[in-house]
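Take a look at the structures below.
You will see two complexes here that share subunit A, one where it goes with subunit B and one where it goes with subunit C.
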Partner chain A sequence: MSNTSGQAYAFLSMTPIKAGEDVRLRAYIEGLARTRPFDRLRRTHFARLVILPDWVNDPSQPKADHLTSQYLIFSATFDGPRDSYLDELGKRLAPEAKEIWGRCVGCPPSARGAPLKRYLLHNQIDIGFFVAAYPDATVETVKRVLAQRKQLADFAVRTQGLEASELRHAYQQEF
Partner chain B sequence: MAEPERILVLTQVNGNEHDMASTTRTTSAARPPAAAASAAAKRAKSAGGAGTRGRTSGTPRAARRTRVSASGHDSPAAKAAARSDGADTTLGTASRNVDGKAIAITVFSTVKWPGRVWLPAVFFVGSHIPTPFARTLSRLSFIHFARWTLVREMPDNGQQDESLHYPHLYFESNFNGGWQEYIDAFSHILTTGMKIFWGTSYGFPQPLPTGPFKVYIQRNEIPASHFHSAYPQATTTMILSGLELQEKLERFDEVSADLSDEAFAECWRDLLTDVQGLL
Partner chain C sequence: MAITVSTQLDLGDIQGDILFAYGNEYAFTSYLFVNLDGADGRGWVSALVDRVTTARPWPKGSDGATDKPDTTLNLAFTAAGLTALGVSQELLATFSSEFRGGMAARAAELGDVGPSAPGNWEPGLGTGAAHVLATINAKSSDLLERELTAFREHAERCATTIVNEQHAQLLDAQREHFGFSDGFGQPAIEGVSEHKSVGGGVPQPDGRWRPLAPGEFILGYEDEDSRVDPEHRLPSAPAAPLGRGGTYMVYRKLYQDVALWRETLREAARDYEGGETKLAAKIVGRWPNGTPLVTSPHEEDPAFDPTQEDSNDFRYLDNDPDGSRCPLGAHIRRTNPRDALGWEGLDEAGLLAFRHRIIRRGMPYGPPLAPDESVDDDDTDRGLVFVCFNASISRQFEAITLQWVNDGNSFHLGDDRDFLLADASASGKMTVQGHPPFFVAPQRSFVTTKGGEYLFAPGMTALAALADATESGP
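Then we have the complex of A and B:
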């Protein structure tokens, strides 16, 4: 089990979708690109919602595996501990959670707060191997260094040709 | 006398700011993925383009239909899923797998019985011991985060019985660049690693040549319905460069604090020469 790399956590859950709810669920999730609800969970580097209609079977398999329900896969890579992240999810994603996990078998009726957290934990699949390019950088750090990088490049071009004293003054003003 | 050259370099640096989709990192000791991808793309093309992806090819959708039919599970829901993949993008994948420059890939494969023992061992070693595979993977600077795991059973929520004949290998990656280039780089640079991870999966065709491997991944890929990146316009290279730049800038602040103006300016020019590859 390797759900962490540095300070980054890799969460994965698979929840069975209620019979007859898959079309509405898919339509709702596909609309999330407009509202970007995971922006409200500021520790989230990446997140995805995937509907698994059935197992992928290869013709060379002696037997085929089939799901009796379609499954909703929720995967997120975020900063810090899992429990506090799911607490935040239960609060800040509550409006969407009702429409998402509320369409899954076994989800508590409120689909928010501590009951939703327990539900997601119950359906968590531990990760075997997790790799991160920048395991110790939080979302906040990433955004800061990206802004700083751009700022430095702009500054370098803008200050070409300045006298030494002017350059130093400009640098001290900028950084 | 070196000043005009510096000015030219800095102008070039600024020009590159808007061309940030590079999938290579100049400090990487590995073969540059873009170069590998380019070479692989040429080979794939000369081999008949078996690895092409997109609406013009028809291969992935045809493959997916074949898979669904072969499994005897050509349900309305499965058909709906296939229909709503979203339009393929210029990045070579469904639009819902894309957020800005970030791309999601989600792949399942069915694992043969030796994989029940082999893959947990691979995961353990990979997670606890620095391996050439992990080092190379971290140098593939177009991957933000990737993960593998085995799904052996489904959590019990009171739904119908979901007993499995086989474990299923889950793989996901969050990367930037293009789908084709990603698979090419994986196949050419992590050839052994691919065999280690997918060698116990049914139908795995070996990573090289890339054409059949791409068809395999396409057949086994499940498109996302929603994909989110906190920094959708950032490539992994930009982030790693930014982190390295931050360290150098902190050192510059320490070193230059007590210098004369002239020495500060010289130190600044040295810094820019040093970090131009990071901007």
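Then we have the complex of A and C:
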């Protein structure tokens, strides 16, 4: 069991949603696709907020199994250590955090800074199996390489059909 | 996996032209968007309900031939329209969020930016003013005029306003304006079009095909998820009675810049050894008459007949895994990848592809740009009225547009986009696989969105409830 893969860390927390808050929380989370607050945490490869309403029960199981409340699942994959990431989250995500974890049971009233960090750590669940898309490349590296790929693709289009010697010359000029 | 039909479709409760196309004898179609503000909306709907055509098979005449009506009428509502009718917000909240938000709110995701942005759309579309879409099909222009006159008079009597209208007409040989035969790559549906399963249904790893569950296209019936759910739960749908027999509808008016399309092909083909027609076929994935590139990579098959049951019978992995016949980013390979995404790992059931199918019922509008080789724009509005039906706009229409048309990642093509529909950002090139590959440089889009709406096409019971104001119970 490991929360890390290469230099990447996978954080997972589950927090119970206060009774009656799930509809507003869901609507708020839907709106985040537009504002993209996790862009402000530049180490984030991937972040996801999911509402888990209940377990799926199979009619053949001997006894039905239900959650006592709905849960908010937060998962994120990011570069480097957990602690500094959560410090950053507590600071830079403060306006949203109040709307998100502020609707969960036990969240400190300020929903920011060190108290929010402690709350998330308290509700953290260790990862059983972590597959990282980029275990060794940081977000910064991935973005740089994508730009390089685009430069190369543009070059290939632009120089299509050139003779070998011309192509070599153009390549040396470009790169 | 055992697949069983658990429900018989109630065809009389489903509006027509969704599961079964009305057919090409209806060469004329008008799309009228109606605003209900200050009008007796329920009364207006009520007077039209009996004229709405359903999916029930046409009766046979005395001579044994199918007796189709001269004209057909179908109704669909926007979220603003349901509100204008007086549907409660509580009931409205049971509809999908993308439907409630409307198409204009999804512009950034759909690539409707720049000239395609909602601010540039035609009046009446994307503003909340369009409440109901009435679609009228007719066998002739005279019959259409007669029906339109009656429709307008009724609208005036009820103080409703027509805020946008679009008239469309089949072109010769069922071509669309870029010159391609269109409209036969439809999903095969259980109990509806099973005979078209080969090539139209879900490809199986063992080489067979199976039809899709009706709930992928009609709400209130089992979809592909219900079948593997031990409790056979139905997919998410509006609360009863609105949630049965209806479906979500997507309407988009797409302007096609035919002169730019021809000019781009002509320019690009100068360096392409296959020539202009072949390059166009590579972009689309079919030859102009519809012959698939996978089955006929070198030339069009003049004998190709899209009505033949095996006309659509092809796969990608067997004989074209690297796209040397039909490019990996060709339009038809993107919008319906069949088995192209592979059977590995998570996708061993083909799940990545077959949950994203739509029923298309589009129609070209505007006159053709003649002659065929002209590259001079004549400043005439022409293109395609794109209409599709699906049980989930986000999972079906939007997934196709966002993940497959406007992005190349799923096909390992980086930034490449669907070159036929490339959005206004013009950042995607077209890669024609080969040794060496051929690239068509990115250019501004041939297609501009001139307006669109997300709609709900209710079942007949639901429509009657909307007319009687009993949709929330008696």
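Criterion: the second predicted complex is superposed on the first by the 154 of 175 C-alpha atoms of A that agree within 3 Å, B and C clash if a C-alpha of one lies under 4 Å from a C-alpha of the other, contacts with A are read in each partner's own complex, and residues count from 1 in each chain.
Everything below uses one rule, namely that a contact is a pair of C-beta atoms (placed from the backbone, for glycine too) under 8 Å apart; a residue touches a chain by one contact, two chains touch by 3 or more.
Please read all numbers here as calculations on a predicted model, not as lab measurements.
Shared-chain residue A:S165: touches subunit B; no touch with subunit C.
Shared-chain residue A:S60: touches subunit B and subunit C both. Looking at the shared chain after the overlay, A:E30 reaches both subunit B and subunit C. By the document's definition of touching, both partners, subunit B and subunit C, reach A:A156. Set against each other, subunit B and subunit C differ in how many residues of subunit A they touch, and the higher count belongs to B.
According to the touch criterion, the shared surface of subunit A, contacted by subunit B in one complex and subunit C in the other, consists of residues 30, 57-60, 149-150, 153, 156-157, 160-161. Across the complex, subunit A is touched by residues 7, 10-11, 13-14, 17, 67-68, 70-73, 75, 77-78, 80-81, 84, 86, 96, 99, 102, 104, 106, 108-110, 119-120, 122-123, 126-127, 134, 137-138, 141, 143-151, 154-155, 157-162, 164-166, 168, 170, 172, 174, 201-203, 219-220, 222-231, 234, 236, 238-243, 245-246, 249, 253, 261-262, 264-265, 268, 272, 275, 278-279 of subunit B.
Against subunit B, in their complex, subunit A makes its touches with residues 2, 5, 8, 10, 12, 14-16, 22-23, 26, 29-30, 32-33, 36, 38-39, 42, 44-61, 63-71, 73, 75, 77, 104-106, 122-134, 137, 139, 141-146, 148-150, 152-154, 156-157, 160-161, 164-165, 167-168, 171, 175. If you check the complex, the residues on subunit C that touch subunit A are 97, 230-231, 271, 414-415, 429, 438-439, 441-442. Touching subunit C in their complex are the following residues of subunit A: 30, 57-60, 149-150, 153, 156-158, 160-161.
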